[in-house]
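By letter and in written order, the chains are A, B, C, D, E, F, G, H, I and J; residue numbering begins at 1 in each of them.
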Amino acid sequence: MSNEPSTILQTFANPNPERDYTIRMEIPEFTCLCPKTGQPDFATLHLAYIPDRLCVELKSLKLYVGSYRDVGAFHEAVTNRILGDLVAATEPRYMRLTAQFNVRGGIWTTVEAEHHGR
Amino acid sequence: MSNEPSTILQTFANPNPERDYTIRMEIPEFTCLCPKTGQPDFATLHLAYIPDRLCVELKSLKLYVGSYRDVGAFHEAVTNRILGDLVAATEPRYMRLTAQFNVRGGIWTTVEAEHHGR
Amino acid sequence: MSNEPSTILQTFANPNPERDYTIRMEIPEFTCLCPKTGQPDFATLHLAYIPDRLCVELKSLKLYVGSYRDVGAFHEAVTNRILGDLVAATEPRYMRLTAQFNVRGGIWTTVEAEHHGR
Amino acid sequence: MSNEPSTILQTFANPNPERDYTIRMEIPEFTCLCPKTGQPDFATLHLAYIPDRLCVELKSLKLYVGSYRDVGAFHEAVTNRILGDLVAATEPRYMRLTAQFNVRGGIWTTVEAEHHGR
Amino acid sequence: MSNEPSTILQTFANPNPERDYTIRMEIPEFTCLCPKTGQPDFATLHLAYIPDRLCVELKSLKLYVGSYRDVGAFHEAVTNRILGDLVAATEPRYMRLTAQFNVRGGIWTTVEAEHHGR
Amino acid sequence: MSNEPSTILQTFANPNPERDYTIRMEIPEFTCLCPKTGQPDFATLHLAYIPDRLCVELKSLKLYVGSYRDVGAFHEAVTNRILGDLVAATEPRYMRLTAQFNVRGGIWTTVEAEHHGR
Amino acid sequence: MSNEPSTILQTFANPNPERDYTIRMEIPEFTCLCPKTGQPDFATLHLAYIPDRLCVELKSLKLYVGSYRDVGAFHEAVTNRILGDLVAATEPRYMRLTAQFNVRGGIWTTVEAEHHGR
Amino acid sequence: MSNEPSTILQTFANPNPERDYTIRMEIPEFTCLCPKTGQPDFATLHLAYIPDRLCVELKSLKLYVGSYRDVGAFHEAVTNRILGDLVAATEPRYMRLTAQFNVRGGIWTTVEAEHHGR
Amino acid sequence: MSNEPSTILQTFANPNPERDYTIRMEIPEFTCLCPKTGQPDFATLHLAYIPDRLCVELKSLKLYVGSYRDVGAFHEAVTNRILGDLVAATEPRYMRLTAQFNVRGGIWTTVEAEHHGR
Amino acid sequence: MSNEPSTILQTFANPNPERDYTIRMEIPEFTCLCPKTGQPDFATLHLAYIPDRLCVELKSLKLYVGSYRDVGAFHEAVTNRILGDLVAATEPRYMRLTAQFNVRGGIWTTVEAEHHGR
């Protein structure tokens, strides 16, 4: 995996930093490639976070998610990497990413990772 | 956003202030405008609160929600603002507002904020 | 609201008072009148309680619920009143009443109150 | 109702006019005003048509639907009018429009009209 | 059953009589009394009709449905009577009424009747 | 199987014999015994009929269904027999009985039979 | 209620007593008789337990549940009695029984009791 | 595929041959082997038929379905073969078999075949 | 769009050409690019056909569907093209393709086309 | 039960061992044999674990699950054994296995066991 995707993410100032509140985003259109076979994988991403100073800008998130289209990535690694990119971009008080992958070999895999900020 | 909407909210005396109890309201007909594009946004609001001395009057809540029809508002800011207006009008023991916005750019966004009173 | 309904409720001796256990009752056929407009309101009641010495007799509960048919009652007040009547009749260790009212003015309202006994 | 909305609709050439096929569109974000009370109404539109020479362009359809935001319109009339505008713009072999309005006065109303072309 | 309810129904002119189209109304708040026991019965009504010259006015339909609140009525008879009243008031090209009654004696009963006009 | 159950069924005069209309009844509490093993079987019955001069009386139908509690009966035979009893008692213009039996041996069985009257 | 049913229950040695784990069983085919009216009652039982030395043998559980077919039993008493029989037979570390009874008098009743072992 | 499975099927005399009626069976536990890879395939079978002189005996059907456990079989061929075996065993007036196979390669396949008797 | 995709499709001989039967395939992982914006589009394809001499081979269908990953294609055109490719490859007695595209601009679009063979 | 299945399981290095995160796998295609009757049993397995140094390789998990196809196994024992094999292969920080077995004797059984690592 290249390191470029994270440069796509944009942020905006949290309009209510004095309050802990939660933003949840459901992103059903994630697709990448299986590093072994080159065949496409598909997942629905569920993001939840408590912003600190910065929020994720919606359109850049869409482009960031789309940037994995030609990237070979294993389920566990790519979920942790996306979480890492989003944490680096927004430095949230809390963030959780859940990636529900489509069935492969008769098995449905979901990977869920979270980050606890300051 | 103008400051007028909050003047629409009306209240009535909590008939059972001696007991903590919860009022939940589901409001599927919220619409405002995207500040960037001017295009309409839509959301379902879920309100839950423990009243102290005052309850929100149903019809004024409907009018208050309708007052955002021509207002430009970002998802995060408008959710926090509506919560702020409702807290200011009723001074509840607890209040939570969840705004489920319709899909934009292939992404469903939900914002959830809460207030803890005395 | 008159004070008569509570005289309808009947009880029977809890057959297992030595054990804390829960009885839940779903009652979809509650209707009363709006005190402002005189128009009918409808709700589904959800009752849950841990009996102490007494249980609510089913048929009398049905009649009690039916006794609100011609009574004018606000959502918040009537939920607390029904809980009060059921607590007075059975003196439970715990009781919770949830009233899900049908939509009015595009808004669904649910009121939930609970009582903690000895 | 003004006559302007229909000027918003744009079309493109049917890429497969040699075959009868069906295009269905679900549009959950229709809102107009009640001519009696001025209060907002909401509906989900379901469009189905067999194109002849022309197809409805997606973005212009969104703008056309949004143009009713400040228009006073009764359920029955507005459904027939939208169907009429879409028929005029695309002259389809067949078209059906179903408008599911949100509950008003405890009653859910759906209006369904269809047009049979040549 | 008295003959009064049907005088409540109001109509308005069909805005599109040149076209056959369908109006469907879901009415979940019907209640009447069991003629044998005096106990309340509850039903959801589903109305579908093709208007000719007249449409049913929504608010009067709500009041008409509410007028059965203190009326003793058997399931089969009351469904046919409501259909008859609605046919008399609107003289539709087609009308169907489906009444889904709540469970009694462990049995759910639904009655469905239709009228074919000219 | 004994011949007694059918004597339990009671009828009342169809209040609207001038019109063809449909009565549907869902009866989830049917149980009989497996003739081979003596073990209980369970089914949900769905009855639909167009009455001629007579309708099935609800309470007697409940008792009739309950009369199979100690009767040994195969799925196919008992469905046809119940239909036969109901046809004999009411002589309907049309009647259909669907019996959805609970799973046995990993297989769910449903039997559906209908009768066409005059 | 007679005391015989509990003699039907059979057990087998827990194959993994060194570990706390949970066994859940859903039993949709419970039926007994109403002690007042003699009419049948129906329920779905949900059993959950952490076995100690013994597990409930499946076929004997089916027979035990079936043994209530001709027994008169109130909802609250029979749920506690079945729990008591199962506790006596298996002496579990934990056990919970939930009995969801079918609607009677328009009211759905569920009784839930639990036992905490050593 | 061997020819043996069909010898397992047993029948019993149709108790109501004078009437056309339908028997439906849902069989969620079909498994066979992929002829290419040797890996197991899984399907839910839906059978519907109008018996003539013979009905399929339930237990033998379960055994027949289980006999494919070690048989290599393509989706299309095995569905038609099972239908053929069932037709040969029962000579029904009508029979339809629908086999819903579990996802393979991201694709869900269903095969549906029917037989029209005399 | 290039003309290459159709060369990927492989077929196998219909094992039961003497009978009309239906094969249905649900393919949730279709993605292509929007010709205007270059952004990805997503759809679930539903294929149903009655094979004549040839059936579609599953793995090649998966590869064929995947071949659109980098192809710019409008909803209406790509649905008709895929149907055309599948008809050309298998010459079926009947084939229908339904493409349910994900929401764009708040509107869900589905395109359904069918082919009638000899 | 033989001891061979556990030799099938393969692992790969956890790509993010510095973080606790969860991997969930839903496996609907488990089948083994009933040790008493020899008849097949079916279950859906739900696995959830927090990996330490090793993750379960997907394809080997599929083969491992498939290896029970001809193994006689009781519900409780086989669930604990599979958990034991997976714990032995991956030494996770936490692991839970839930096995939902298909209905037998009218009863649905689910067994859930968990392992707490270092």
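Here is the rule we use: a residue touches a chain if its C-beta (ideal position, glycine included) is under 8 Å from a C-beta of that chain, and two chains touch if they have at least 3 such contacts.
Just so you know, these numbers come straight off a predicted model, no measurement behind them.
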item	value
Those chains which touch chain I and also touch chain D	B
Chain pair repeating H-I, as identified from D-I, C-E or B-I when over half of the contact pairs by residue number coincide	D-I
Chain pair with the higher count of C-beta pairs in contact (B-C, B-I)	B-C
Cα-centroid distance, chain E relative to chain F, in whole angstrom	29
Intercentroid distance (Cα basis), chain H paired with chain A, Å	45
Cα-centroid distance, chain B relative to chain E, in whole angstrom	37
Approximate Å spacing (C-alpha centroids) for the pair chain G, chain I	52
Shared-contact residues (touching 2 or more other chains) in chain G	28-29, 62, 102, 104, 106
Every chain pair meeting the contact rule	A-B, A-H, A-I, A-J, B-C, B-D, B-I, C-D, C-E, C-G, D-E, D-I, E-F, E-G, F-G, F-H, F-J, G-J, H-I, H-J
Footprint of chain E on chain D - complex, ascending	74, 76-77, 79-80, 104-114
Residue ranges of chain C in contact with chain E within the complex	28-29, 31, 39-40, 42, 62, 66, 69, 102
Chain A contact footprint on chain J (complex, rising order)	14-16, 19, 21-29, 51, 55, 58-59, 61-62
Chain G residues within the chain E interface of the complex	102-104, 106
